[in-house]
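Right after this note come the structures.
Look for chain A in each of the two complexes below; its partner is chain B in the first and chain C in the second.
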Partner chain A sequence: MTELRDLARKLLAEGTVKAVLGYEEGPRGLRPVFVTRAEDADKLVFDARAVQNLVTWLNPRRPHVRRLGKLAVVVKACDARAAAGLIRESQVKRDDVVFLGVRCGGVGTDPMGPAGVTPDTVAPRCAACTSRVPTLADHLVGPELPAPPAREGADDWLARLDGRDHAERWAFWMGELERCVRCNACREVCPLCFCERCVQDKSQPQWIESSPHLRGNLSWHLTRALHLAGRCAGCDECSRACPVGIPLGLLNRAAARTVARRFDYVVSDDPGVPAPIGAFRHDDAEEFIR
Partner chain B sequence: MSTTASITKSKLADLVARLVAGGARVIAPVRVPDARPEHRRGRVRYRPVTDGSTIVLDATGVPDASLKSVVFPPTEPLYSYAKKGREVELTAPPLVFQPTVVLAARPCDAAGLDILDHVMGWDLRDELWFGRRKATTVVALACTGPADRSCFCTAVGLGPDATRGSDALLVPENGGFAIEAVTEAGEALIRGNADLFGLSDVALAKSDPLPVTPTTATREQARRAVAANLAIDPEAIRAWLGTHFEDALWDPIALRCHGCGACASVCPTCHCFDVVDEPESLSTGTRRRNWDTCQAARFTLHASGHNPRGDQNARFRQRVMHKFEIYPQRFGPVLCTGCGRCSRACPGGQDLPEVLSAIQARVGGAA
Partner chain C sequence: MSFEPKVTAFVCNWCTYTGADLAGTSRLQMASNVRIIRLPCTGRIDPLFLLKAFERGADGLIVSGCHPADCHYNAGNYHARRRFAIFRELLDVVGLDPARITFSWVSASEGNKWREVVDDTVERIRGLGPFTAYRDLTPPAVSGAEGPSATIGGAP
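Now for the complex of A and B:
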């Protein structure tokens, strides 16, 4: 923690950045904080409660954040994957942000949870995580931490769903999506949902019904999952933010699995590797075009 | 000085069965499963119930979302249309509403309904709102303490045993519940089921002022425990807001806010809606109203491209202004029941009590 605070203090004092976006102790556990004065660097905290993906705040369409000036942002390896996505898709210039990478041992799902991780509290997305040290980082801080404890992870869950027949899977998803009230929290917390105008908001013509009925909800969430295929960084903020508890991250995970199989592509924090959606390859399997 | 009436947990289940058999929809907090592995215990939500034994009766938790959807669904048809040549035929939905009884509502949620009556009956009487309101009897359950540090109902003039918006109030007592009628509808519910409420010849007293019952000390204790979470003077805050639309407070206020609207969706008093036309064929369709939120950038986006609330700081200011200045100025009550759900639902860690404290500090002196 001292290392992170000292670094933030130095970057602010020497004027390298105008603000450091990290985590602080809030009324309900850890939360994002924008530290703008070197003397406030001691607010910064990092532990297993640092569940939020701070990269979402790098979205260029957040003018109140942009006004602060150059940012340094604390990133876990998974967050760095989202940052690489923004760079890859020309939303953020690499040199406009200082990435403060933290070595991670897995986080929980609740910013109010314990500061360490146990099999009960570790996030399902952290199970079997192999990228716990960001490479997209200007600085790397924190001690090396052991791998997260084993638990039933998001992939196990997906495999369990795979084991059920089509009708059961359909019933499962309809039961989940029925609850959606279209608050759009999933979209707004998503680091890769940065469109100036979301397809869901288009009304002339209306491609996706904006009403929270099952038809509109299904149409919206499946469209979103497809738009994120090969782009989603797997931070699971959509699932966490959902006020009605829909496991939306699972849809993205399923899409990522298909992309890996079909395009031999896994989202990484290397912005130089083109994503399938934005690249043409002669060896792409094109059997779907007949 | 009598306890007005009382009911045991098993008789409450009998009441549910009787109401359902009589054709009523009964809504109550129940524990529902959550598919996410990290939420194995499930979550508490208001849901239609047919088996009263499933109702969550421990009076300390707060269901995930408020009660407002019972009266104001997330989406509802205003009318359907059919184009016939040059004519358009409109068909409004029938104004027929199923009798509904809400059991064990949180007092903060019940209060939200009453607070919203002002705006729903202001310039145009909203028949869908008032139709469901009239068909709904709300029996609240007094909280025995704050759910957590985010509860602040006492700071906005309510309390863990407030009766605003309730037709009757259950108060935990001796393993069962004392019940007080607040309105005639509440009294009718109790009298109509006198056998279940153990009524003999005990006169029903109106609860205003609250009758002194053996639970008074506990109720006072619960109020004090909630009050420890936040102390503000809403009137002083209203006055400050009225003269501080421009203030240094607002510049950075929503840096951590995503503008996601999760807060508005779970809020018992956020009531803004959007109206959309959904075509179902070339010549037919439905006009619906759907929940909306001032926290979304698109909410105030003009056709010209101009947005008078151009950033999230301005949008968050609007949320505070509407709740604590505009609404009380126009209608009296603040547009907040202190349920704390906005803080609990916020993925960015934004905290309304913290913001209110910051304003109170500018006003000077705690309430």
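Now for the complex of A and C:
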């Protein structure tokens, strides 16, 4: 922790960055904070409650953040993947941001949860995590932490879903999506949803019905998952932000699984690797095409 | 009354549409359940079009374009191939049977293949039965759904 604070203090004092985006102790667990003065660097905290993906503040849809000037951002490895996505897609210039990578031992599901991880509190995505040290980082801080405890994750749930027939899967998803109120929290929290005008907001013609009923909900969430295929960093913020608890990360994970199997591509925090959508190989499998 | 499937075909202008045209000018007999929508390229076919067709009550869909290496725009079909590979498996995950969609490459000279694609698709959809699950996910009925004039009582 002192390492992170000292680094932030130094960066702010020497004027390398105008603000450090990190986590602070709030009334309801850890919350994001913009530290703009060197003397406030002691506010910064990082532990298993650092659930939020702060890279979402780098999203170009948030020009007020950009107006702060050069920013340093505290990133876990999963957040770094999202940041790499923004750099890869020319939404963020690599030199405009200083990434303060933290070695991660897994986080919880709730910023108000315990500061350590237990099999009951660890986020499902952390159990299957293979990259707990961000390579995109300009500075790497924090001690080496043990791997998070195992628990059931998205892949296990998907495997269980695969075992059901179409009618049962349909019933499952309809039961989930029925609760969607179209608040767009999933879109707003997503670091990679940066379109200035979302297809869902288009009304002439209206491709996706925007009132909260199942038909529009299904079209929206399918389209969202498709637009994130091969791009989603797997931070699961959509699932966390959802006020009605729809496991949206599952759909993204399903697309990621397809992309990994068919195109041999796994989202990494190396912005130099091109995304699988927008690229192709002449010998891509086409067993489903006659 | 027997079930007649409603099939929508999204085809590219340069190969499949021309192939379908060839089938027509060759007087090939085929199922008449298919409504063709012509687009510049398979790369222009947004998966949203397919969702929209299901929303509006299509029982089955055909997506067809130029064979690999034949695309008029060089690479549109390669991009489409990747996109639909993912889209198809996503549909499978949410429980929508991907067998309701036929993907095919039909070139301008393959009028016979187009007939086979159409006939096979229509027969398969006939076997699967009507697809109303998507269309019927309609909004809940609200009072006054007839429009404001019905409830207020005034004429527009």
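The rule is simple: the second predicted complex is superposed on the first by the 279 of 290 C-alpha atoms of A that agree within 3 Å, B and C clash if a C-alpha of one lies under 4 Å from a C-alpha of the other, contacts with A are read in each partner's own complex, and residues count from 1 in each chain.
Definition applied: contacts are C-beta pairs under 8 Å (C-beta built on N, C-alpha and C of every residue); 3 or more make two chains touch, one makes a residue touch a chain.
Because the structure is a prediction, the values reported are computed rather than measured.
Contacts of A:225 after superposition: chain C is touched, whereas chain B is not reached.
When both complexes are overlaid on chain A, the residue A:33 reaches chain B alone and has no touch with chain C. In the superposed model, A:170 lies in contact with chain C only, and not with chain B. In the overlay built on the shared chain, the residue A:245 is in contact with chain B alone; chain C does not reach it. Of the two partner chains placed around the shared chain by superposition, chain B is the only one that A:185 touches, whereas chain C remains out of contact. By the touch criterion defined above, A:270 lies against neither chain B nor chain C after alignment on the C-alpha atoms of chain A.
By the touch criterion stated above, A:203 is placed in contact with chain B alone, chain C being left untouched. Using the contact criterion defined above for the overlaid structures, shared-chain residue A:96 touches neither chain B nor chain C, since it reaches no partner. When the two complexes are superposed on chain A, the residues of chain A that touch both chain B and chain C are 172, 209, 211, 213, 216. By the touch criterion stated above, chain A contacts chain C in their complex at residues 158, 161, 166-174, 199, 207-209, 211, 213-216, 218-219, 222-223, 225-226, 229-230, 251, 254-255, 258-259, 262-263, 276-278, 280-282, 284-286, 288-290. Residues 34-39, 43, 64-65, 69, 74-75, 149-150, 252, 254-256, 258-262, 264-266, 274, 276, 278-279, 288, 290-291, 293, 296, 298, 310-313, 343-345, 347-349, 351, 353-354 of chain B are the ones that touch chain A when the two sit in their complex.
The residues of chain C lying in touch with chain A in their complex are 47-48, 51-52, 55, 68-69, 75, 78-79, 81-98, 102-105, 117, 133-135, 137-140.
The touching residues of chain A, counted against chain B in their complex, run 26-34, 52, 56-57, 62-65, 68, 108-111, 121, 123-124, 151-152, 157, 172, 176, 181-185, 187-189, 201, 203, 206, 209-213, 216, 237, 239-247.
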